[in-house]
Amino acid sequence: MLLPVSTWPDIESWLKRSKTIVVPIGSMEQHGPNGFIGTDALCPEIIARHAESLAPDDMLVGPTFSVGCAQHHLGFPGTITLRPSTMIAAMADWTESLMRHGFERIYWLNGHGGNIATIEAAFSEIHARRSFDLRGADNRPGLKLKRRDWWDFKSVMTLCNQLYPVGHGSHATASEVSVTYYGYPDHTRTDVEMSPKIAPNGKISDAVQYRRDFPDGRIGSDPTQSSVEDGEKIVGAAAKAVLEEVRRFSA
Amino acid sequence: MLLPVSTWPDIESWLKRSKTIVVPIGSMEQHGPNGFIGTDALCPEIIARHAESLAPDDMLVGPTFSVGCAQHHLGFPGTITLRPSTMIAAMADWTESLMRHGFERIYWLNGHGGNIATIEAAFSEIHARRSFDLRGADNRPGLKLKRRDWWDFKSVMTLCNQLYPVGHGSHATASEVSVTYYGYPDHTRTDVEMSPKIAPNGKISDAVQYRRDFPDGRIGSDPTQSSVEDGEKIVGAAAKAVLEEVRRFSA
Amino acid sequence: MLLPVSTWPDIESWLKRSKTIVVPIGSMEQHGPNGFIGTDALCPEIIARHAESLAPDDMLVGPTFSVGCAQHHLGFPGTITLRPSTMIAAMADWTESLMRHGFERIYWLNGHGGNIATIEAAFSEIHARRSFDLRGADNRPGLKLKRRDWWDFKSVMTLCNQLYPVGHGSHATASEVSVTYYGYPDHTRTDVEMSPKIAPNGKISDAVQYRRDFPDGRIGSDPTQSSVEDGEKIVGAAAKAVLEEVRRFSA
Amino acid sequence: MLLPVSTWPDIESWLKRSKTIVVPIGSMEQHGPNGFIGTDALCPEIIARHAESLAPDDMLVGPTFSVGCAQHHLGFPGTITLRPSTMIAAMADWTESLMRHGFERIYWLNGHGGNIATIEAAFSEIHARRSFDLRGADNRPGLKLKRRDWWDFKSVMTLCNQLYPVGHGSHATASEVSVTYYGYPDHTRTDVEMSPKIAPNGKISDAVQYRRDFPDGRIGSDPTQSSVEDGEKIVGAAAKAVLEEVRRFSA
Amino acid sequence: MLLPVSTWPDIESWLKRSKTIVVPIGSMEQHGPNGFIGTDALCPEIIARHAESLAPDDMLVGPTFSVGCAQHHLGFPGTITLRPSTMIAAMADWTESLMRHGFERIYWLNGHGGNIATIEAAFSEIHARRSFDLRGADNRPGLKLKRRDWWDFKSVMTLCNQLYPVGHGSHATASEVSVTYYGYPDHTRTDVEMSPKIAPNGKISDAVQYRRDFPDGRIGSDPTQSSVEDGEKIVGAAAKAVLEEVRRFSA
Amino acid sequence: MLLPVSTWPDIESWLKRSKTIVVPIGSMEQHGPNGFIGTDALCPEIIARHAESLAPDDMLVGPTFSVGCAQHHLGFPGTITLRPSTMIAAMADWTESLMRHGFERIYWLNGHGGNIATIEAAFSEIHARRSFDLRGADNRPGLKLKRRDWWDFKSVMTLCNQLYPVGHGSHATASEVSVTYYGYPDHTRTDVEMSPKIAPNGKISDAVQYRRDFPDGRIGSDPTQSSVEDGEKIVGAAAKAVLEEVRRFSA
């Protein structure tokens, strides 16, 4: 079930048989010369929806938390970021909303490495409210918060290594660009030249430093390799892995 | 141009000829027995993207700010809300990000009445940072922030009144349900019965009061009248009006 | 009863027969060449106190929330503003204080258009705390928060249109200046010349833009028409309307 | 000059000869059986305005910051408080507003012991913004923030000791009640009995403890001694002292 | 008992016989030419630990809150400060943590005059959370928060006056430097010349003003008089006074 | 050099040859039946100070940030935590203070796994302030923020595996207890029995869940193996690794 196109009675029914929801979470930031600015939000959204299509009765997908922590990409036009403190507040509001309805297990399917720390900090902020509480400690609903980076399944990583033994990279990766090309085949960019073919690697601090050290935005990648066909394979593998994990998480 | 599926060089080019961006902004909240929870986010998104399709070179559409102020709907499962203070912080971060790149005119196409106050408060918060500043007051970039509720064009209101002379309502309206049915025709709900046919009217305070006074979530509406066909007409009218207004706003 | 000059036993007695309080809320901002900086705080204070004098047993008037959202007036000396986020926090503290005593109906009599959005956002922030709460949802005290702009009664608007068919305006209006002249007759300014006689109209963003577009601070008004006599009439009409509405609100 | 009933050109003129403003700051809290809830806000307001009346060209009085830190009085109906963190934010906004116009010396005339710590913390918060700033440290406008408790002048304390050698007290004091009776002679309470005649002394923590230990709200005082005549003397002494100090502060 | 080198079962046992904890709180800020930057944190830590060594079963010493409010010292390298609002948040978190375990009496042994206001504001912020609470007001655990400045015992002040009849001063005092020399004898600075011998006195606002008016950081002091031997005496006197007061506070 | 026992002229001198500072950062939380509550703060402090003792001219050690993110340990008496949002604010204040003096490279030597996410989120928050800034982007001082977990050097991990091939664990580890025993040999606990000998492994959410699943506080460890002798070896290895890395970081 997809929450944004469901009705509230649908969700009321869902909660009678499950307390789990999957929330894609990403970022809106530059992804090099041929990657979409929305890549990190679109990838988990595409994968989660594909997983849902395989087993609509087993998975509820919430709206995508589409703008995350991308301050280091602000040197590139189009990037939109939250401050980590804002993101923590927003994730806490989402979570409290879901808890209000009886959800007890929230699976955040993440598409952005730069979100990892802040997502975990938000989990800690949310749990802290409960941990400080003197009242009813033993008598309250449970809460499990889990983050999964979509690329961080063994099956997915193996596949990506096979597809891109060279130039997979760590930002604007060949695999994530393929996933979005599969999701938005009308928007593929097939004729973009990049130099050097494989982007440099390095450290990240703020926006000025990032653009200076990574002038076209990529880190370590050659996304000219990306294709709709590869994307289809990756989405298939990731969706299968997500579905299995969500089933275990819900059990 | 659609920012999430564009590249940063695309946006760099855009900024050479325009400083304007359109940002759909909505809510994730119950919309009665046959309306989608995402209605208020989907409507401005559908309309903005349709407008963009009519004149891709004249309009840049950003990502949708999809969760807004919906605390009063928390009595209905599936609703997700931000606190107004969180929403102000998030809108300020989005705006500062866009200003960093040189955007000076942000047109927020709103889909939710409950967002109006907080959007305007956020504008005031953002302008206040500039108004307090002692330095360079006369020498800085301009900033125009504009909110437009998609239904608040004369052409759109006239059309809605024609289509739904009775039971248009003020929440879970016949028109907004039609817009989302047009956008997601596979998800229409055609056999939902509602009683009373036209929902009651009244005041809103918090979630407990809302669900008590409006037990199926609607206010004043009969959205069993909604259809894909109506949605198409409304989207056409609204997209045209938005496109014209954005052109004036950018001039 | 006027809370600031009452004792706590007075309020304890009041709460035995009413759960309602009226709070004047305004702003401290320039009001053109002959209007007081305190106009928007003084108007609702004068009107509320006049209403109270008509029926002291039926109306409790709290202290005036006298500094509001006026960032756009910061280009004119004397203006003092809160950020919207500060105003929301302060209004929430006032409200929680009043709820602690058993007040359940707070009627904010507003004197400033620029406050409207933030007052409504504050209401939403306050209600959200209750809406998120999992505990005792059905068993708690009620809370009604209402905003009324003092000029926004039919009787008042009709009177103002009669008194000032031309040049009533929208900032530093003829009517609000008259109200304050009635309240503070020793401070009237009768010999101030203005040019143009009727100030221009236009949009508002931040302080630099405002002072550039409205060089003497007025918008659309000719407050040289203002007088103590007019003020007396307007205060009478507004106080009567407020008193009636507060009685209904309390019922 | 009184800012709330002045115009912006008045303040523009003032700033040509002075960078100083006096801001009365108080609290809205119970003051025992015969003291007004607004006592702590009214006292500095009455004194500051009296001082201004003695030398209107030498003193500019701003609006009264009338709700302060009174959480410990919340056990008594009518008390309204800000959290200290809210008060710091609000005082910072007031100060930044005044600095925007060129004020460099702000004299806060305080009427409430419970405000002292938070006022000083707010000063530190405000100065910290400047102290952290890497830019233009030596080239910016000055800023002096001063707190003066109205009772803390030698002349005032001597007078109060003469008037009330016994039972002056530390909350709902004989002197502060007299000051407000002088300011609002129509609201004096002359027939209120209190038992014990002199209230107990003790420590303060939160609202429950306070009401338990000080059941009628007074601490150490016998305000049945208060009178309009005493108030007139105290206001005279305090206003004189304030005026002298403000002149030195402005020099 | 020293909390940082105790185990949780130790604290569980402690709480069976006492609900009191002593928390040293200080600052990290310049202390003139021969005083340590950590002086204000080290002094209460040294004294508290010495007191604990005299009666380990009667006193539990928590970790030192070592960075406080020192914005005015930022003109001198090495100073680290919190904003007051951050310090309030951190003190509230510490206190809520301790309350979670059953501590009801927290004795903050303070080493920095600049912390006083913010510590008291933090107390008020913490108590306010309880004072606002509508539920269970009479049925909850107690909470006493006490601040004691280590130098503010009669015995300690008398001793300091005897040791340093001239040039004790108010910042980088002869006594506090002696206390730290006693605590860290290997780090004493015996050959630092200062000019003038006794530093000037004056007002404090922000970092630029402070360094301009007090060029070597001292205020009113001649800490060339400081010695390990003096420190031993002062620590002895202060530790004795703290121990006695903590026993009374716990009773 | 150790900042807390240095003078400001010492730090002024240091800054002429280095822009680097090492800040130990830890937590105050239960560490099982024989581990100190301060373990995670003491370990990086002990190691940093040992490293400094090896090359005092090459390393400046700041005060220890001793209370971190430990909400999940609040079920065990003695634990003190910050909320992640508070910790971010405090780390930002520390960093801004250090930047004010000219520090450009801050090396946070971390002792607590639960801090990792929030430290990284704080880095992002701090960099974001710079990334958003429109002014002087290319002309400002640099800023490098680095986190190093003290156990996460190859040499240290190899040693720990040799010392504790079984039962090293992940909370209240054999190695961290040894490090603190080396630092505080008078406080070792040699006769504590634990059952089971090796604690269970599992997931962590909030304080209630943690204490239920890990009843004596340990995770996966057998710290009865810990000893002063082992601690000496580990500190030696870690200090050497830190010193080398800090030299590279400063270069």
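Here are a few things to note about the model shown:
The first chain written gets the first letter, and so on, giving A, B, C, D, E and F; residue counts start at 1 in each chain.
Rule of thumb we're sticking to: a residue touches a chain if its C-beta (ideal position, glycine included) is under 8 Å from a C-beta of that chain, and two chains touch if they have at least 3 such contacts.
All values reported here derive from a predicted model rather than from experimental measurement.
Ranked by distance of CA centroids from chain D, the top chain is A.
After Cα superposition, the angle needed to carry chain B onto chain C is 180 degrees, rounded to a multiple of 5.
The centroid of the Cα atoms in chain A and the matching centroid in chain B are 24 Å apart. For this pair, chain A with chain D, the centres built from the Cα atoms lie 54 Å apart.
The distance from the centre of chain B to the centre of chain D, each centre being the mean of the chain's C-alpha atoms, comes to 47 Å. Annotation for chain E: residues touching 2 or more other chains are 74, 81, 83, 85, 89, 97, 100, 131-132, 207.
Taken as a graph of touching chains, this assembly fits none of the simple shapes: it is neither a line, a ring, a star nor a complete graph. By the touch criterion given at the top, residues 96-97, 99-100, 141 of chain D touch chain B in their complex. Contacts from chain A toward chain E in the complex involve residues 131-132, 134. Contacts from chain C toward chain B in the complex involve residues 69, 71-72, 74-75, 81, 83-85, 88-89, 114, 116-122, 124-125, 127-128, 130-132, 137-138, 142-145, 205-209. By the touch criterion stated above, chain B contacts chain A in their complex at residues 3-12, 14-15, 28, 30-38, 41-42, 62-64, 66-67, 74, 76-83, 85-86, 89-90, 93-94, 97-98, 100-102, 180, 184, 187, 189, 192, 207, 217.
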